[in-house]
Structures are given as C-alpha cells and as structure tokens.
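Taking it in order: structure first as structure tokens, then the write-up.
Chain nomenclature is as follows: A, B, C, D and E, assigned in order of appearance, with residue numbering initiated at 1 for each chain independently.
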Amino acid sequence: MVETKESKTGLLERLRNSIPQEWILSLKAPEPRRIFLSVKREHFKEAMTKMLKDEEITHLSTITGVDLGEEIEVIYHLDKSGTILSVKTTTPKSQPTLPTVTDLIPGAPLYEREVHELLGVAFDGHPDLSRLVLPEGWPPGLYPLRREISIENIRSALEKAKEEKKVG
Amino acid sequence: MVPAEIIEFLSVLIYPGFIFIFTLAFFYEWVDRKFVARLQNRYGPLYAGPGGILQPFADFIKLLAKEDITPRAADKTTFRVTPILMLALALSTLFFIPTAYTTAVSWFEGDLIFVTFLVSILVLITLIAAWSSTSTFSTVGGIRVVLQMLGFEIPMTIVMVGPAIVSKTLSITNIALWQYTTGHYFAIYQPIGLIVLIICLLAEIKKAPFDIPEAESELAAGWITEFSGRKLALIRLTTDVELILAGALVTALFLGGPTGPFGIPSVIFFLIKTTGVILVISNLRALFARFRIDQMLGGFWKYLVPLALLQIILVTLGVG
Amino acid sequence: MDEERVIIPIGPQHPALKEPMNFMLKVEGEKVLEAIPNLGYNHRGIEKAATVRTYIQNLYLAERICGICSIAHVQCYAQGVEKLLEMEIPPRAQYVRLILSELNRLHSHLLWVGVAAHEIGFDTLFMYLWRDREIVMDTLELITGNRVSYGFTMLGGVRRDISPDMAARVKKEMKTVRDRTQYYKKMSSNERSILKRTQGVGILKPQDALALCACGPTLRASNIKWDVRREDPYLAYNEIPFNVVTSDGCDVLSRMIVHYDEVIEATNIIEYALDHMPSGSFREKVTRRIPAGEVVSRVEAPRGEDIHYIKSNGTDKPERFKVRAPTLGNIPAVCKMLSDSYIADVPIILAGIDPCFSCTDRVTFVKGEMGKGWIWTQEELRRYANRWYQQR
Amino acid sequence: MEHELLRNLRKKVATEKYPFIKKKPPEGLRGKLIIDMAKCIGCGLCVFDCPAGAIEMIGKGTAADLKVYLDRCHFCGQCAESCPSKCIVYSTEFELANFDKKNLTIEFKRKL
Amino acid sequence: MNVVKWARSKSPWIIHFNTGSCNGCDIEVVAALTPKFDLERFGVLLKGSPRHADVIVVTGPVTNQVKERLKRVYEQMPSPKFVMAIGTCACSGGVFKDCYNLCQGVDKVIPVDIYVPGCAASPEAIIDGAAKLLKKISG
C-alpha cells in the first residue's frame, strides 16, 4: 500500500476502512481526485458491489483494457463526485474472463463489449456478448489491441481472410 | 386565314400551353429558390445565366442527359409511366385555370369540381409512383403523401366552394371574371378562405413546412428516392407546374384571375398576382419548421376544417 | 416474422447522420418500436496506432480523433502527458488553452443547434446559426490561423500567444455572439413550430440518465448538475466564476436551451479570462521521453465528459492510449429515448445527444444491446439488411 | 421570426463571392509548405516527427534532398516546429485541389 | 452537346459521404453550403439520395467497414458521376497511415476525379476544388 497525496474527499480513507485488506493489492492516490485501487480477481465482483453500494456511485466513465504481457488488466473508471476511482483487476491472458458488472451498472454493456472485442476478455453473465463485429470478414480470435499483434499482423491477417473468402 | 383547329393546337402547344407553362415553371422555381435564399441571407443560384435565372433550366437539361436507372426491385412499367402521367395530369389541370387570357384554354360549367378531382388523382399517382419503386424510404414517403391528402383535401374543397356560392357559378373562369366585373374580390371578402386555401396548397405541393413526404433528414428523399435521370427531371417539372397551379388557383379564385384595368394584357396581371402568391408561399416555407405527420393531420382537422366551415357559414349568411 | 412491421435502416449513408452510422429502426406505422445502433463505420484503430508513435506525433493524432472537439481531445491528451511529466504549464498558457476550449465549445454548440434545426426541417434557422457560427470560426482563425485543426496546443504550452489586439477583437465578437444567441434562445422557446417538434420529444428521465451513465449537455438537460469543469477542475477553471447550466425539461427542447445557455456562459467565461490573463511565458520545453506511469485525464468536451487513459513505459511512445469520447457514453441513453417515438422524431432525437461518431468509433463497436421483445435475431436482421441493400 | 426574415431581406447578403473575390488569408494559416534547402542541415527531425509521413528524405545528411507529399500532409506545422535550422515555412497557399495525385508531390533539391 | 455540358457544369448536385473522417472536413463541407460561402451560387444542392446526385463528396480515409457501402452508393449513382476526395485523409489516409482498419484513401476503392488536400480542407479550398472540377466538366 503506497500513498503519496491525500484525496480531498476522504474517499481514500473510507475505502481503506471499508474494503477488507486481503482483497486489495494496492490502493493509492497519486494526485488529487485520482484514486487507483487494485483488487484481486476473485474478490473483484464483491468489492465492486460493496463500493458501488457504500459510496452510491452510479457513473462509470469507461472500462480500459491493458495488455500487460502475461495478463490483461481491466480498469473500471468510476466517478464519485469529481474523483475518478479507477478499479483495476487482472485476468490471465491464456483464458481471460471476468464477471460482468452490467447488473450493477446499466450503462456498462457497451464498454464491456469494447474490451471483449479488442482484447478478448469474456465477461461472465453479460447479456449479449455474441459475435462482435469488427468489419465483416474480420478473422476470429484476432484481438487488435493485444501486445503481440502488430499492425502488419493485422493487415496480413485481413488480406488472408479476404483471399480465403474469395476462394470459398 | 389560319384554320381554327391550328390556332387551338398552337395555343395548347405554345401559348398559353406547354412552352409557356414550362418557361413559367422554371421561372417560378427560380423565384422561389432565390427568394428563400435571400431570406436566409445568401445569394442562391447566381452563375447560371443572369442572376442564376437559368438554374432550373440547367437542372432540367442535366437530368435529361443523365443515366436513367430503373431499380431491379421496382415495378418497371408503373415506375416508368407514373412520372409522365403526373406531368400530364398537372398540365391538364392547368388548362382549366385562366392563365394567359381571361378565360382558361378550356372551361365549362363545373370545371371547379373537375379540378379538385384532378388534384386528388395527382396525389394518388404519387402514391403509385412511390409504391412502384418498392424501397422502404419511398413506401413510407408514399404513405405519408396519402395521409397528408386526408388532411388537406376536405378543407381545401370546402373553401373553394366559397367563391362559387357567391358568384353563383362552378366554373373557375367565370368566378375570376365575376370578381373583375363586380369588383367584389374574394381576397377581401373571404380572407379566412384565402388563408386556408394557401395553407392547403402548401401541403398539396409538398413544400415546407409540409414537405413531410420528402423529409430529407428522415427519409433520404422520401417518395422520390429511387427516381433518377429523365424521370426525376419530369417529377421536378411536375413540382414546378404544381407551383404555378397553386399560384393560378389562388389568383383565379380569390384575386380575380388574370384581369385588371387599363387595357394592359391580362398575362401581366396574371404574372404579378401569381408571383405575389408564390412569394407568400416561399416566405412561409422559410418561416416554419417541418411538422410531424400526426401534428399536421391533427392541425388540419382541428383548425382548418372548422375554419373552412365557418367561412362557408359566413358566406351563406350573406357575409363575403 | 411479422409482416406488418417495417424496418427502416437509418444510415450508414443518411442525411440525418452527418457521420456514417447505422440504426435499424423497427417501426409500426409511424411509430418506432425499437432502435438498434450499429457503430463501427468510423472505426479507424487510433488506439493501436497511438502506441507506435511518439508522444509528439500523437498530439496531432489526438486532435484528429474528432474535428469538432479537436481542442478538447488534444487538451485532454496534453494534460495527461504533462501530468506524467509532473509539470505545470505556465499560467498564461492555461488561460490561452481555456479560451480556446471555450471557443471550441461555442462553435460546437452553435453547430449542434443548427443541425438540430435542420433535422426538424427548419433550414432558415440552420442557415442563420451557421452564419453566426462563422463569427466564432473567424475568431478561432484569428487566434490560431486555422479553422478546424488548429495544431495549437503543444506539450508544455501553446504555440502562439494571444496579443492584446486579438483579445480586443475577440471580446467584441463575443458580444455579438451572445446577443445573437440570446435572440435565438428567445425565438426558439417561443416559435410554435419548433416547440411542437421538440417539446416532450426524446424524454430521458433524470434517474435513467444517471443509470445509463449519460454525460454532458444530455445529462444536464435531464436536470442533473454535473460538469467536469466544476467537479474535477482542470486548467484555470477553478479561478473563473461560471454557472453549470441545467434544465428540467428532459426533452430535446431543454437540450436546445442548455446548449444556448452554455454558449452564453462560454462567452462570459472567455471575456472574463481575457480580462484576467496573467502575463508570462506561454510555453515550456518538454523532453521527448516521458517517465513511466499511468494517468487518467478528463475534460468537459462540448459533448460531455471526455476521458483519456495514458500508460507510459518510459520511452518516447505510449504503451496504451485509451479514449472514451462523450458520444459513446450517451448511446445507451439515446436508445432509451428512441424507443416508442415517431419516425419523424428520430433525427432530432439522434441529434439530441449531439452525436459525434468519429470520436466514438475510434475503437468501439456496438451492435444491438437492446434485446427485449425483439422478434428477430441479430443474424436475421443483418441478412435482411444485406438483402435490402442488394436489391437497390 | 417573420420580423427577422424581413430584416434579413433588407440586410446585405452574408456571402463572400469567394473564387472571384479573395480575402486576405489570416496570419498563421498553414498552407503549402516551403523548404529552404540552402538552410537545411539534413538532420531528418522533420521526417521523424511528421505524424503522417509526408516528408521523405532522399540521400543522407547535408546532401539529402527532400520530397513532400502534399496529399499526405496534414498542415499541422510540427516539422516547422522541430526543424533546428528553421528552414521549413508554411505559406498561405491553400488552393491545392488537383486532378492528379502525382502533382501533389513537391521535390526540394539542393542547388549545386 | 454544348448545352448539356453547360447544364452539367451549372448544376452539380452533391451527395456527402463520410467514410470515417474526423468530422473536420464534414463540417467544412456543410459550412460551404451556409450563407457565408453558399455553394448554391454554383447550383450545388445537397441531396439525400445517391440516385439524384452527380458528385459524391467523400471525406475520410475509408474504413474497412464502410468500404462496401461506399462502393454501393457509388454504383447507385447515375452516370456521368464525379468523385471529390475532400481532405488529406480522403486523399491518402494521412495521419491515420498506420491505423489497422483503413484503406488509405478513397482512390483505393473508387476512382477519384479531384483531390482537395487540407486538414481540414477549408470551405474556400472546397469551393476552389469545386470550381476546378466544374471547369473541367464544362470542358
């Protein structure tokens, strides 16, 4: 647990007290009105539910997915009266799954779909994660924002898919 | 001595027939566009001819020279025939309304009713044209055309009867002449009727705020979406002829038709009066936002029909 | 399959949407039962491209996420990178940027109201608004030299200073803009045909707006006082007095009013900022390498909350650059508004959120998340659409 | 609103007759770029910083020629910013429409 | 024949297609139609249906998603038809050169008649392009 600057709203303090220590990997406020909270994957949903309820948070700004190499980090940017609370959790890249938050936040489905499509993270319990549509003929399993995929990779994969379509 | 048949033939073909009407149609489109542009603080057409006066003509020639596509899904025969039919109908309607001379090219006792009939048929042909192109936009546009007709048809017919009652004739030509000879202009004596008629005609010629069937921001180009090339040229020409039709009808029924003092040729009076009507129409076009179809229908039935009836009651009571 | 129901595809090439986007409307008569958005026509892959470019090059990429809110995006990006550098830009630069941001808001809002007027078939108002918007464009041209992509915000400051001459002219223009806007506001709230088309149309209740994470003027028109400039102040917004405008109509009309009021508010902000501009330098040198770290940066773009996430690994290229443009946040809200409306109201409702799909689509794809009561599957719908287009 | 319409009828038209009457371009407008090859030191910073890859360097160092693709150039001005010898200038010429893309490539050669 | 050429050069109806641009060029195209620049002086009308249009104004670098639609809209237009590529993105892809979902310019998909570079191409530049194109049409 590292902490550099105190948050104005006292949200940091409250979070530190309300969320069990063993759920948290790190909790820091690098600058005013920004809090980064890293949660263990298995406690993610619980922590999220608790936080949303305790702090009465309704606004989810967005969900960011970051490819860390071995793992994929998913960041939920929540807003609590001007403070951005970024809740992080990670999931292994070999089989990336996370529980959905659409039941907690009705505005979340689009963001989850975005992460699903571009990084391949499956969200358990999402109402409609079916085939997401990059352009027609996009090769399945090609997640453009993954680290090992370069732009040349994507181009050649697209070419290949196009030719296969022509042959087939 | 030129035989009477040839004179009649020429009058249908050239003056005051086709050529005259087409020229006038292009002229009035230009007036309309230019006036609206001016109201919107811009020039409008400027470089085609002096002041852009040849703009509608250029549009027409260009469309004639363009490729003419018939969509594969369309009903080919109907799709091809309807634009011609529409133009023919609009033109023949115009022959019953006095334009260049104090009398119309053809007139008989009861042509007022016949004109109302032709106008309705024109709307129905629009529906067929829209239907035959089978695209979603056109179909919805076509349905809106007919819905719109349900709104304006009744009040329009009612107010057109007003002048007929007073002048005791069912011929448009005679109504116009009656006004001139008695000096009893209906624009002064039946103002409600005039207003209702102009609003209904706006809806009839599908100009804003009643351009609902062609609403660009909702339905691409509405019922004309699929027409291109020559067909589109004809349709545009029809719209312009309808503009004259609206102007001429108001002129004949409420402004005394192409008549006036001082022995000046009657066509001059006709031009002045119709241009006036068209400027009013253009002004209304610039003034309002487009109505929604249900609002339009509701408005017509709630306000215009009672107003039209009120006018008739006033007329029968001797006022007007 | 229900034969009586017609599906109207709105887009991707459609005059109501200035940008390509596809909405499938399921209609019955003139009533819309449901709307299904299909984004992605504008997807370019900016987030990926950003990772292979230097921070300096990304400045221009960020500007071109959206041509209308260019200042907002580039401000958000630059602010994030400056935070990573742990630097404060000179106060004068902050004011210049703030003035630019507000000018950006001005032209975007006037543009929007114009487009909204066009959508309800009121072209005269559209022409007038765009004519008066040119005043703002001239002002922007005066300050930056260009009309749309300014290339003005640099890492560490701004490219040019605002001279006293410019300031005087800008102030003069602001007065004109304010007067005109006040006139239009009065006119719009009195003109019957506008009221008929906008009042009670596209209702978004406050609780729905909150739940669906709407933002910006859309949220404020649902009577929720939430503005990034106030909640999470950046630049010099905490030094400048301004109101967060709200309206309680929850419909398109109140969105219009909010836009007008924000224009008036923005002209006041610009005048205040021009009067209180601190002196000093307007730019500082910045290193090409950015220290490792991560930052979440957000600004109030004209359309709402714009949020960027930048992760740096200590090189001259970012490791991850994530953009969430305001329009995406408002799409669930607009689907809610569209259901149970008239076809004729669709354009104005869509326009009501002030959509900017080029911002939105840089990575995102949405395809029908409104599943309830829908009798066609996605696949059938797609096939239908394909067939429909082939016939043409 | 009618009042406003009539007012506009009397007012002068807002339109500028652009292609026939040209107004002075604003200061700082970034149009076609011009490179003064006499000053160029061939450092390649402009090529490195250009976000669109619009500048190409043929040859190396002080002997290099530069080729500018105007069809790729975004007129952002970063090259002029980066250039240490300040040899890149933006002119105010913006009327660059052309029928052929090839005509949009300008070569800047060193005078020998 | 000359009358037809004259008519064509006096009455170019345009359809505007955004193929994934940043909106900058789009607002400038629209701005070119509004009072300050007023393209209607040249007889330009903005049409909603490709069937009515003579000139397709393309803005944007053409995303893979929109490529097919662009082709289809182009095919729906009756000939003679002309293509204007507005803005640097439409000319070559420009700043989006290594974005993965792009075709790098309109000319990769449909033949282009006139290129108008600029970012964003100002209304003046667009009018200049239009005037050049019209001159070419009138021969």
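Rule of thumb we're sticking to: a contact is a pair of C-beta atoms (placed from the backbone, for glycine too) under 8 Å apart; a residue touches a chain by one contact, two chains touch by 3 or more.
None of the values given here were measured: they were computed from a predicted structure.
Listed by label, the chains that touch subunit B and also subunit C are D, E.
Comparing mean CA positions across the assembly, the chain most remote from subunit D is B. Averaging C-alpha coordinates per chain places the centre of subunit A 24 Å away from that of subunit C. Averaged Cα coordinates give subunit D a centre that lies 21 Å from the centre of subunit E.
Each chain gets one centre point, the mean of its Cα atoms, and the points for subunit C and subunit D are 28 Å apart. Averaging C-alpha coordinates per chain places the centre of subunit A 61 Å away from that of subunit B. Looking at subunit C, one finds that residues 14-15, 40, 43, 45, 48-49, 52-53, 60-61, 64, 124, 127-128, 131, 134, 146, 149, 191, 392 touch two or more other chains.
Each of the following residues of subunit D touches two or more other chains: 1, 5, 8, 13-15, 51-52, 74-76. Looking at subunit E, residues 34-36, 38, 41, 48, 63, 65, 76, 95, 98-101, 119, 122 sit in touch with two or more other chains.
By the definition of touch given earlier, these chain pairs are in contact: A-C, A-E, B-C, B-D, B-E, C-D, C-E, D-E. Within the complex, the subunit C residues that touch subunit D are 53-54, 56-61, 63-64, 124, 128, 131, 134, 141-142, 144-146, 149, 151, 154, 159-160, 183, 187, 191.
Put simply, subunit E touches subunit D in their complex at residues 35-38, 41, 88, 91-95, 97, 107, 112-119, 122-125, 127-129, 131-133, 136. If you check the complex, the residues on subunit A that touch subunit C are 30-31, 33-34, 36, 58-62, 64, 66-67, 75, 77, 79, 81-84, 86, 105-111, 113-114, 117-118, 127-128, 130-135, 144-145, 151, 154. If you check the complex, the residues on subunit C that touch subunit A are 38, 40, 43, 45, 47-49, 52, 83, 210-215, 230-232, 293-296, 298, 305, 307, 309, 311, 319-320, 322, 324, 328-329, 331-332, 363-369, 371, 378. Of all the residues in subunit D, the ones that touch subunit B in their complex are 1-2, 5, 8-9, 11, 13-15.
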